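What follows is a pair of complexes built around chain A, which joins chain B in one and chain C in the other.
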Partner chain A sequence: MSDEKNVKAVAPPSGAVDQKVAAPPPPAPPKKTVTLEINGMKVEVEPGTTVFNAAVKAGIFIPHYCYHPDLSIAGVCRMCMVEIEKVPRPQISCNTVATEGMVVKTDTDKIKETVKSVLELHLINHPLDCPICDKAGECGLQNFYRDYGLYTPRMDFEKVHKPKVQDIGTIVLDSERCILCTRCVRFTAEVTKTSELGIFQRGDRSTLKIYDDGHLRNDYTGNLADICPVGALTAKDFRFQQRVWFLEKTASVCGLCAHGCNIDVSVNPKKNELYRVEPRRNPEVNKSWICDDGRWGYQYITADTRIHLPKKHWEGVWRDHTWMDFFKEMPALLEMGKAVVGLSTQMTNEELFDLGTTLKNLEVTSVVRLAEDEAVEDKKPFDGILKHRDLTPNAAGFEQVMKWLGLKWLTLAQGIAEVARGPEWVFAFGLEGGEERLAHLQPFWGAIPATSRLAVHATNALPVLSRATWVLPNVSFYEKNGSFVSALNRLQRVKAAIPWQYMARDAHAVALGLRRGDDREAPNSRAGEISFQKVVAPNTVSEEVTFKKFTKFGQNVGATETLGGMA
Partner chain B sequence: MKLLAPERRILTKGIDTPNLNTIEVYEKQGGYSAMKKAFGMAPDAIIGEVKASGLRGRGGAGFPTGMKWGFVPFNLGKPIYLLCNADESEPGCFKDRLLLEKNPHLLIEGIIIASFAVRSHKSYIYVRGEYTLAAKIVQKAIDEAYAKGYLGKNILGSKHDLDLVLHRGAGAYICGEETGLISSLEGKKGYPRLKPPFPAVSGFLNCPTVVNNVETLCTVPWIIQNGGATYATYGTEKSKGTRLFCLSGWVNKPGVYEEELGLPLKVMIDHYGGGMKDGSKLKAVIPGGSSTPPLTPEEVDKCLLDYDHIATFGSFLGAGGIIVIPEHIPLIKILERISEFYWDESCGQCTPCREGTGWLFKTIRSIEHHHGHKEDIDDLKRTATSMMGATICALSDAAAMPVLGFLKKFPQDFQALLDEAERKRKVSAGRKLDGQETTEMTEVTR
Partner chain C sequence: MSSVVNRPKYKLPISQRVYLIAIVKGMMITGRHFLKALFNPKSMPNIGYPEKKRKYSPRFRGLQILTLKANGDVRCTACMLCATACPADCIHITAAEHPDPKVEKFPKEFNIDMLRCVFCGMCEEACPVDAIRMGPNYELASFERSDFIFSKEDLVRLGNNAQSRVQDEVTSPQNVERLVGRDLAPPSLH
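Take a look at the complex of A and B:
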């Protein structure tokens, strides 16, 4: 098998690849890969790859604590030991570079014994307070004890005690549970470059602490709870809220800024309640991180300000209405030339397409992009890590969808000028979040003259709603299926983790209602999935891709393929 | 057995000359002439001489010095650093202290020659924090050397620049490990680093770095003066040259003695040490500092002090700290002290060492206090074995080796303590439940 590959390497089909190599012909061209054997399996890897990563490539799991794919190598937990032929003692695989012909074994009795004894050493001073630990169920110590341990404990001396519940900001630090893998120390030193955490003292008195008994001072603190393999760093937001085995994860994309970080949304399916948002590793977008805004920004979906029912302000009185009432009124309101329609870039491509089609059919001429114009142009994270100035997730998708539709649209600045002229009606569709997240729309609201009527489709109450005529409940991106195109021009899939709440309707339902004047198929429709397959996929990726089959890591579309500040 | 004649000594010849630590006296004794000779040689020729001498590092690991110098990549375009490891902290070792306090200029001369050989222009002496007197003396010597023009820019017109800085440690044993020393010198916590990369390629400030022990560097001037081949005539076939042995414990004349490698250990104790104090009987000897496994009296009779012969007895020459233990001192107390030392000094970076040293210490202490259990011996062995070779640096091994060594060579001593603990437990269990036979209470759960 490997011979075939070697032959290919020696005789490449065209000279283009080989130009640099071809200069000195007699010595064989430098090998581009290294082949090693792990547990009898041949693995071909790039030169410089560690044995650990080669094993990952081969699908072999090696237990580890301190290794993290997006942090530097510490080599301190000593769990990832492997046996290498001709090397007398087991070696750590995370810092051993694979060489040609290396024979590695990860499943010998010697390795099992080694891993077991190292695990035992990890556990002798661990408080074993699993019943009250939030990490229980996804804890490295528990999992590895089950898989590699199962010994009878021998240590019967008093354990080393260290400070327990310590408030360090958004995170609670329990130094006693800590196994000193230093992932968090490396995270604050290498990723956020704020270095708040450190290991104090030495020997078994080594204690993870925050400098000056202070607080975490970065915008990525939540990641500390994720990368901690044990329960030493737990997020305040999640503490004592839910046992992890009750949660189901949905692979989605964060819609709280333009970066499009990949996330897992954890929901208790029995309660349909969202408990936690975690980063989902995607080396090309967000590595293993998300910012705190993205992680804990989900609270607006259950906030008191959430809009539950369509409401109409008429003759000085607010009344609850049904969507049907709105849909009956709508087409007349949208009559040509009388209305300015704002479309939020928080809507998915599919929603934009459906709603855009309907508006086109109704011959609406003034469509405004409800996104901050300058921020949209800024394609790089402003903090050099993940955070974008544009807090809407789909500005890039908006442009593409409007191009497919052939629909002319106005920037927010142009839109402000347009509404200032005093149209009869102003519509704003697809708004998500509270006042802060939509602060860029302040000038837009301000420009609407008192004579114009306003209809707003939003998730949460905004100050401007007091002067609106129609207020319509929107669904959040945690509740809808579709896709976003991030500022990195990456098409990524948004998946509903929880069903629609109350009388909220997404833009598909609104578009359908406008077309048909009824509300029949609206709740939890699969319109997003269908539109993705029919419109978005053929225009971007391929016609054969369905919503379910589309890769959960997304795909680059469009011209630029810049990979954010972290790349 | 032929002993090393005083005039043939390499490191300690004339070491008791008054004021040898001043540059005048040192030069009067022929000091700094090797440096002048070295400037007339090619750097590679110096490395060649050191290679020919067969000099092995005197810090404990015994790595060939010339080979270490040969590993340095000279063409990386990065500065090369020469670090002198004077962080002598192994219990039982005090040889570097003698050289630092008595003959600091010998070290400086050695550093100048070594730096010339490895093309280093910045050198540090990392001296143990507790060596305050040594630090003062060496600093004064460095100042004198600067004043004489032996340090600084263009030394004696040789176009070789060298800045030498004395850096005092803050009292951590681990900073004597070469990568721990480098971390500490960089201003970081003294954590040893993963290898690869090795310091020779990427060490201090990520530049090529050579770390040598005080005694090693002090040997270099003699080798340059007299030739590597002459040095190689000292000692044995594989362990060449002389060494400083630190003799301590229950002997009449403890101290630092220079001898050729290959000297019988018995001669060291009886001749140099003046035999056992008070005519006590020998129980054990720790041959190379506290981390090396002990030798039994029978082994002591046969053992030669060279790198290879001592290895056949399962021990090491280490840093040359010979600790003589008499019959009347309980080995468990010595082992407890040693284990406590490593528990205290573990840097805490790698799990096996951080947790294992504490566990070993606690178990040994409980045995010493007659709280042991019969499983303890096996537990100790298992824990110590799992600590061997399992960590970044060798401190874990250093903590495990004496435990394994003592348990292997003196099992009866430990068994006696466990039996005693068992007896006490039976008695107390019997007392607690009056009226029942003590024999039924043997099953005391842990």
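Take a look at the complex of A and C:
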């Protein structure tokens, strides 16, 4: 059942309210919940819920290392100890099922002493190389030592030394820092099902190692650095690049494939430089994971191939131009019947709406969807986890926006046939990424006859640009505000983490330029947000869902798909 | 409505209206100092800088220095705590992977913009490995702005000038005990 229907059921139209009050109350359903008391607070949970999750529901934080909401329960770190009435010793809350009438305490002196002792055990052999450890600032050991530890160390003996700085592919493994929580072992066993990691030996010689001293061989390795609560697994890409406390996170959505994984983009606000992309937990879309392509695919925004200025190729010479030159020339070029306009599904709904409206006013008839047709039809991740064949984020949104606009569009196959007829001009708007990500457009470029002129609005240089007449710099989705509709038919907000780079303009600016014939100077205008509220929200999202609530996890629109592999 | 305020005119006394008396008084002071400097230069507070330099207290805190390990590498591990603590935002460090896995991280670049520096000493205080110190050097002059951005090499060179003092302070056990207490040996990570 879609969320939209849910919301409507909760708040019926005002006329219907009176009738419902008059109706007799429905018989109470048999009680299917368990009530327990945590720190004097009554919490009602479903049977089978652990004490830990009941505490989470009550808003009580319990320190933990090995527990992870999207992995199985191991119960090895012993940090989440709680006191339960009528049980003689403290129990681990993550693996204790809540029962009716249970009385749990998490803040007694006994528990504080227990957590402190457990932490002391964890730190006995920890090397304490925080100054050179990348995790410093977001490390579980640092945080809990500050909150629960603060003891004087009693360890007088030489610490056990284990191998450091081991290259295991995209990740660097430091066994000495490991606290043996087995999150990474469970991740490779349960999520990627590749099982590369394991704990070897026993006692204080227990070591996290990779089998056969090999390399990680799954596409989700970056998540290991995220789930490691200490600095044992650090990502090579981010290693020593920046201290985490200099970074600011922006909650956004990944635009590198159709799945629409929720991400946090970390940017150093002083330099406006993007340093890393991390998954943001959304249990209905990507849980806590993203693929390596989405995590480390951001390099194209600073690559040498990035287009900085609008350029025109005229009479054999490339010249730098301003956007104004293009906007003056363009409306005449788009005359009816003479131009084929390709719209990339990498643009946001708002951009598509803005540009689509403008094209409609200019009476452009041939609009082509620049996305791989078969891949768009394939709504399921091909690896059963997160990765989609469709590398454009907004193919589903494209269809909906065009439906609202009443604009007829052609699939890529139809578009190829259309351009082969030899229109005067071919336009391609909103392309993002390098040659590899836009490989599906090769046949489209190939079909354009030599007599047709080409104008391309893209972020990075493509081989086809050598024969283009206009080359226009586009902004990446890390620099955009707007919304995408994923292959799961989920409408989600994209937020700009960095300002527009160079002379790049998004499709809003292009549409405005076409309408008014001037170049909007203001970078990162609020156009995305405004058109979201004006256009996208009333069409898809029910009014009860506030903009603020919506931005966090997105909402299903249209038919709801089951989540392949992750559900 | 007038905004002009009529103030009573103040008339200077005759001794001040004639400036000559004050000029003669001033010239007498100048002459006294001139003669003193001519016949008894030792009594003057000035020194002939830069040929002669004043001896500063050993506790003087001037330009930053980078200290070295026994093997000659910089002690700094590029933890960025000094850059974090710096209120003037004048420390710029680029970290890199050290070929020796025991060292792991080291500063590829370590630049201090001395024109921005306010010599507050927070960097020295924040450093967990005693790599950066406020050294005894105080001379800071140049014709180019770019010369005031001190690189890692510049800071090590400044440190070498002050090496004897640094060595004494770091290595003498009495000092260690006095300065940092019983538990903390001279800082070393590995």
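Keep this in mind: the second predicted complex is superposed on the first by the 526 of 567 C-alpha atoms of A that agree within 3 Å, B and C clash if a C-alpha of one lies under 4 Å from a C-alpha of the other, contacts with A are read in each partner's own complex, and residues count from 1 in each chain.
The rule is short, and it goes like this: a residue touches a chain if its C-beta (ideal position, glycine included) is under 8 Å from a C-beta of that chain, and two chains touch if they have at least 3 such contacts.
Treat the numbers as computed from the prediction; the structure is a model and nothing was measured.
Asks: Given the touch rule stated above, what does A:K403 touch, chain B (first), chain C (second), both, or neither?
Replies: A:K403 sits against neither chain B nor chain C.
Asks: Figure out whether A:R243 sits in contact with chain B (first) or chain C (second), or with both, or with neither.
Replies: In the superposition, A:R243 touches chain C alone.
Asks: Thinking of the overlay built on chain A, is A:R421 touched by chain B (first), by chain C (second), by both, or by neither?
Replies: neither
Asks: Name the contact category of A:K328: first (chain B only), second (chain C only), both, or neither.
Replies: Neither partner.
Asks: For A:V165 in the superposed arrangement: first (chain B), second (chain C), both or neither?
Replies: The second partner, chain C, only.
Asks: Comparing chain B against chain C, which has contacts with more of the residues in chain A?
Replies: B
Asks: If you stack the two complexes on chain A, which partner ends up touching A:H215: first (chain B), second (chain C), both, or neither?
Replies: neither
Asks: If you stack the two complexes on chain A, which partner ends up touching A:I132: first (chain B), second (chain C), both, or neither?
Replies: The answer is second: A:I132 touches chain C but not chain B.
Asks: A:I179 in the overlay: touching chain B, chain C, both, or neither? Say first, second, both or neither.
Replies: After superposition on chain A, A:I179 lies in contact with chain B alone.
Asks: Which residues form the common part of the chain A surface touched by chain B and by chain C?
Replies: After superposing on chain A, no chain A residue contacts both chain B and chain C.
Asks: Mind pulling up the chain A residues that touch chain B in the complex?
Replies: 73-79, 81, 89-90, 95, 97, 113-114, 117-118, 120-122, 124-125, 154-157, 160, 179-180, 199, 201-206
Asks: Tell me, which parts of chain B touch chain A in their complex?
Replies: Those residues of chain B that touch chain A are 172, 174, 189, 194, 196, 343-352, 354-359, 362-363, 366, 375, 379, 382-383, 386, 388-392, 446.
Asks: Note which residues of chain C are touching chain A in the complex, please.
Replies: Per the touch definition, chain C meets chain A at residues 77-81, 84, 95-97, 101-102, 104-105, 128-129, 189.
Asks: Please output the residues of chain A touching chain C within their complex, sorted ascending.
Replies: On the chain A side, the touching residues are 129-132, 136, 164-165, 239-241, 243, 245-246.
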